[in-house]
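Some structures to go through are shown next.
In the two complexes below, subunit A is the common chain; its partner is subunit B in one and subunit C in the other.
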Partner chain A sequence: MNDIYQFVSGPLAWVAFILFIGGSLYRVIAMIAEVKKKEPFIFTYMSLKYSLRSILHWITPFATYNWRRKPVLTVVTFAFHICLFVSPIFLLAHVTLWDESWNIRWWTLPDGSADIMTLIVMASCVFFLVRRLTQREVQFVTFVSDYIILGIVAAPFITGFLAYHQWFGYPILMILHVLAGEVMLVAIPFTRLSHMLFSPFTRAYMGSEFGVIRKSKDY
Partner chain B sequence: MKKGMIIIAGILFLSSVMLLSVHSQEDVTEVDRSVFTNPQRPAAVFKHDAHNQNAGIENCNECHHVYEDGKLLEDESSEDQRCADCHGPEADGNKPSLVKAFHVNCKGCHEKQQKAPILCGECHVR
Partner chain C sequence: MAEPATKNPVEEQKVVDEGIDVGISRLTEDKIEKVINQVLKGETGARLKTYVSTCIHCGLCSEACHYYMSNDKDPKWSPVGKIKQTIWEMIRKKGRVSPEFIRRAVEIAHTECNQCRRCMQFCPFGIDIAYLIGMVRRICHKLGVTPRYIQDTVHSHSVTMNQMWVKGDEWPDTLQWQEEEARGEFPKLRIPLEKEGADIMYSVIAPEPKFQAQLIYQAAAIMEVAGVNWTMPADKGWDNSDMAMFTGDNEIMGRIKRTHFETASRLRVKRIVMGECGHAFRSVYDTGNRWLGWSQPPIPIVHAIDFYYELLKGNRIPIKEKFKEPVTLHDPCNVVRGGGLGEKLRYVAHALCETVIEMYPNREYNYCCCAGGGVINCGPPYKLKRVKGNRVKAEQLMDARTRGAKVIIAPCHNCHSGLKDIKDYYDLHMDIKFFGDIIYKIMEKPE
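Moving on to the complex of A and B:
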């Protein structure tokens, strides 16, 4: 079991991080190059002020009309995204591994708080699944790939939760947990999860177009 | 008569002390985590004597090392000290924190040996 774990947490982790970082840079650069080629006109009205105005409104709960229109979805979305980022980055066990490998460490969460945040991520995934299955307007834009992507996001948290509590099959769950995390990292640049990379650009574009051209708000 | 009593009492006292110390050595079943103010994980399972027998460790200083100015002193050993006497809660220059010292000392060797636990929950068993 040790050699499988060392393989997934060693060479495979390198592959995952290289694909994640390299793929992300490629997607962003390719997007900008495409805009330059097809719609260079956009650059004439891109505005830092309206870009930031849009981004700040959309990352603040209830600061946009749409966030107010669907309060439950808004609360779940914000709780989900905050916990999704904060719990793995500030998890004591993860920081311990960074420290042992690279001699760098940073602030960590108490394990109990990380456990609750993991539960929030898993409950939010169930909420998103039910929403996709039951809401007509969501069904309309749902593909099979969206369910797969939801599974890819939920998997590291489910396996991490079970491994942390050591409820069953501990060593196998640890290996699955590392694998699931790597699959998610690689999926970010190449699936709809790329909204992590593109959403600031989308908002900057929308904010600028609404602010400069239409002279109206985009929130 | 009185002298004999004192000698007997002395022997009894010494042997009980020795018995106690032998007993406490055998009794080490987990890493002492009493020095941590807010431990997040269960104490690491560590049966001192069984471990050393399995691992074929004969020299105390394979684990109970002594460093001076960042250099390992080959013939010195520190089994008469607690790990926490040298390793504080935070790293100090090249000297790792207590947590990291435990992890590097145990897991580092386990990784080299390829047959001992290296996953978090294999030592921090719930």
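Moving on to the complex of A and C:
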């Protein structure tokens, strides 16, 4: 058991981070290179001011027309995305690992808060799942891959939560947790989770088009 | 809010459209595969790929679309639903789809989306559904499958450089005829043809000389009263409309727009002022010029709303008495969402009318009229689908009417025709006017 844990948290973690960072860089650079090659006119319209206007509106809860129209979803999706980023990065156990291996450390969350954040992520995943199953407009554009993606995101949180509370099978859960986290990282550049990488660019372009040419709002 | 009445709820019949039926009969899967891949590989790039791989399938764009809202939120009408039924499938099957698939794709792309771009304001990632649907139209165009009525207008563009088969001499004849008519009322009025170095070239869409010559009369009257130094071309290049943009026939779109701009530059005018038309504005200001490689129009383009704003603000049109009947405003997508003219539109409306009653939502969030994007130009076979596809607009209008509005101002030709069909179908009993109609009516005229 310990050997397996060493393996997943050692070499495999390296592989996961390399794929995540390398893959992300590759996707973004490949996209920009292709724009340069085939649609260079896009650069002509890019405007820092309108890119930021668009991005800032969309990452602020209730700052856009559609966020205001969908208050429940807005609260859930913001809570989800914030907890999704904050809890793994600032979890004491994670920071300790970084500290042990690299001798770097940063601010950490109290365990209680991290626990609540994990619960929020899991509950949000349930919300997204129910939405997919019940809302016709979501169901219509749902593929098996959408459930898998949701599962990939939920898994590290579920396993982490169970492992932390040590209700059963701690060693195996720990292994599963590390694995799930690695799968999620690798999935980001290569699945629709790449919206994390691309959304700033699509928003910036649309913001610029609306600001520079159409002189109206894209939010 | 009262529900607008619906007349004879006939079942949707199978549409007969030669442009599609004959085109489909000539297709094979091999040919389809070849064309789709040619367009996807040769004519699209990172933009399409990124849109497709970024969409998280969340459905948040759905409620932007009047078709979706009007068809009881049936997801096959949602923006992303339409993408799923077309481009996703083409990509997934690597282009190998059946002729029947293309039949449905052409129907969706041409008659179930107005390219109004409202969904782009709703998508958290700003995914450009209108562009994706436009690519479907492009593919269908290259496959030779386009609804017949709109294809006919593109043929006309190609042959005559105008949309309505207006022949060489019919154009100057119509102008002369309107000039003569107008001189009864304004003895010194001219419609100056080919006046080099004028401040403004005034351009219209071809349906004006063809069916609505009084609009040219009115425009000439306004120019006369405001003392504008203007001109119109005597030959090709006077038509600013562009149906090729909507069929994906980019090559013809380029030819028409080049002719238009070259005519203006031949006349050495300072600006092009265009009549009250939305799609033409999109073509001249946003799409066609860029296809030709001009990042901005090579000669400044001024939409009629903007022009009237300028004239009214400068007190250049003396008003006898404001328009009495309460009006409501339809914001045409192409000039408001697509051109930022919402506030100027309101300035003009308030300057001309005593009572202005807003519709909700309005300005850049307004629902499309469901005629634009070439949909109304696909002709009678699709009329029922079009009016039923915009029940939300009827509800908006009904709401404005219950608050007193009697007249709808729609400063766009397509909107005008589309709203007329909607008001007839839903028994709304409201009048529809252009700003030009109202200005002409209330301005001071010589005794």
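The rule is short, and it goes like this: the second predicted complex is superposed on the first by the 219 of 219 C-alpha atoms of A that agree within 3 Å, B and C clash if a C-alpha of one lies under 4 Å from a C-alpha of the other, contacts with A are read in each partner's own complex, and residues count from 1 in each chain.
Convention: a residue touches a chain if its C-beta (ideal position, glycine included) is under 8 Å from a C-beta of that chain, and two chains touch if they have at least 3 such contacts.
In this text the structure is predicted, and so the values were computed from the model without any measurement.
Trainee: Considering only the touch criterion stated at the top, classify A:92 as touching first (subunit B), second (subunit C), both, or neither.
Mentor: It touches subunit B, and subunit C stays clear.
Trainee: By the touch definition at the top of the document, which applies to A:41: first (subunit B), second (subunit C), both, or neither?
Mentor: Once the two structures are laid over each other on A, A:41 reaches subunit C alone.
Trainee: Once chain A of both complexes is superposed, is A:147 in touch with subunit B (first), subunit C (second), both, or neither?
Mentor: neither
Trainee: Using the touch definition from the top, say if A:65 reaches subunit B (first), subunit C (second), both or neither.
Mentor: A:65: touches subunit C, not subunit B.
Trainee: Touch test for A:2: subunit B only (first), subunit C only (second), both, or neither?
Mentor: Touch partner of A:2: subunit B, not subunit C.
Trainee: Identify the partner contact of A:170: answer first if only subunit B is touched, second if only subunit C is, both if each is, neither if none is.
Mentor: In the superposition, A:170 touches subunit B alone.
Trainee: I'd like to know which partner A:100 touches here: subunit B for first, subunit C for second, both or neither.
Mentor: A:100 contacts subunit B only, not subunit C.
Trainee: So in the superposed three-chain picture, is A:127 touching just subunit B, just subunit C, both, or none of them (first/second/both/neither)?
Mentor: neither
Trainee: Would you mind checking which one, subunit B or subunit C, touches more residues on subunit A?
Mentor: Between subunit B and subunit C, the winner on subunit A residue contacts is C.
Trainee: Which part of subunit B faces subunit A closely enough to touch in the complex?
Mentor: 38, 40-41, 99-100, 103-104, 107, 111, 114-115, 118-122, 125-126
Trainee: In their complex, what parts of subunit A are in touch with subunit B?
Mentor: Checking each residue of subunit A against subunit B gives 2-3, 5-6, 92-93, 96, 99-100, 110-111, 163-166, 170-171, 174.
Trainee: Over in the complex, which subunit A residues touch subunit C? Could you list them?
Mentor: Listed in rising order, the residues of subunit A that touch subunit C are 30-32, 34-35, 37-39, 41-42, 44-45, 54, 58, 65-66, 69-70, 73, 135-143, 146, 192, 194-195, 198-199, 201-203, 205-207, 213-219.
Trainee: Where on subunit C does subunit A make contact in their complex?
Mentor: So the residues of subunit C in touch with subunit A come to 44-47, 49-51, 53-60, 62-64, 68, 73-76, 78, 80-81, 84, 120-122, 124-128, 285-286, 290, 295, 336-340, 342, 364-365.
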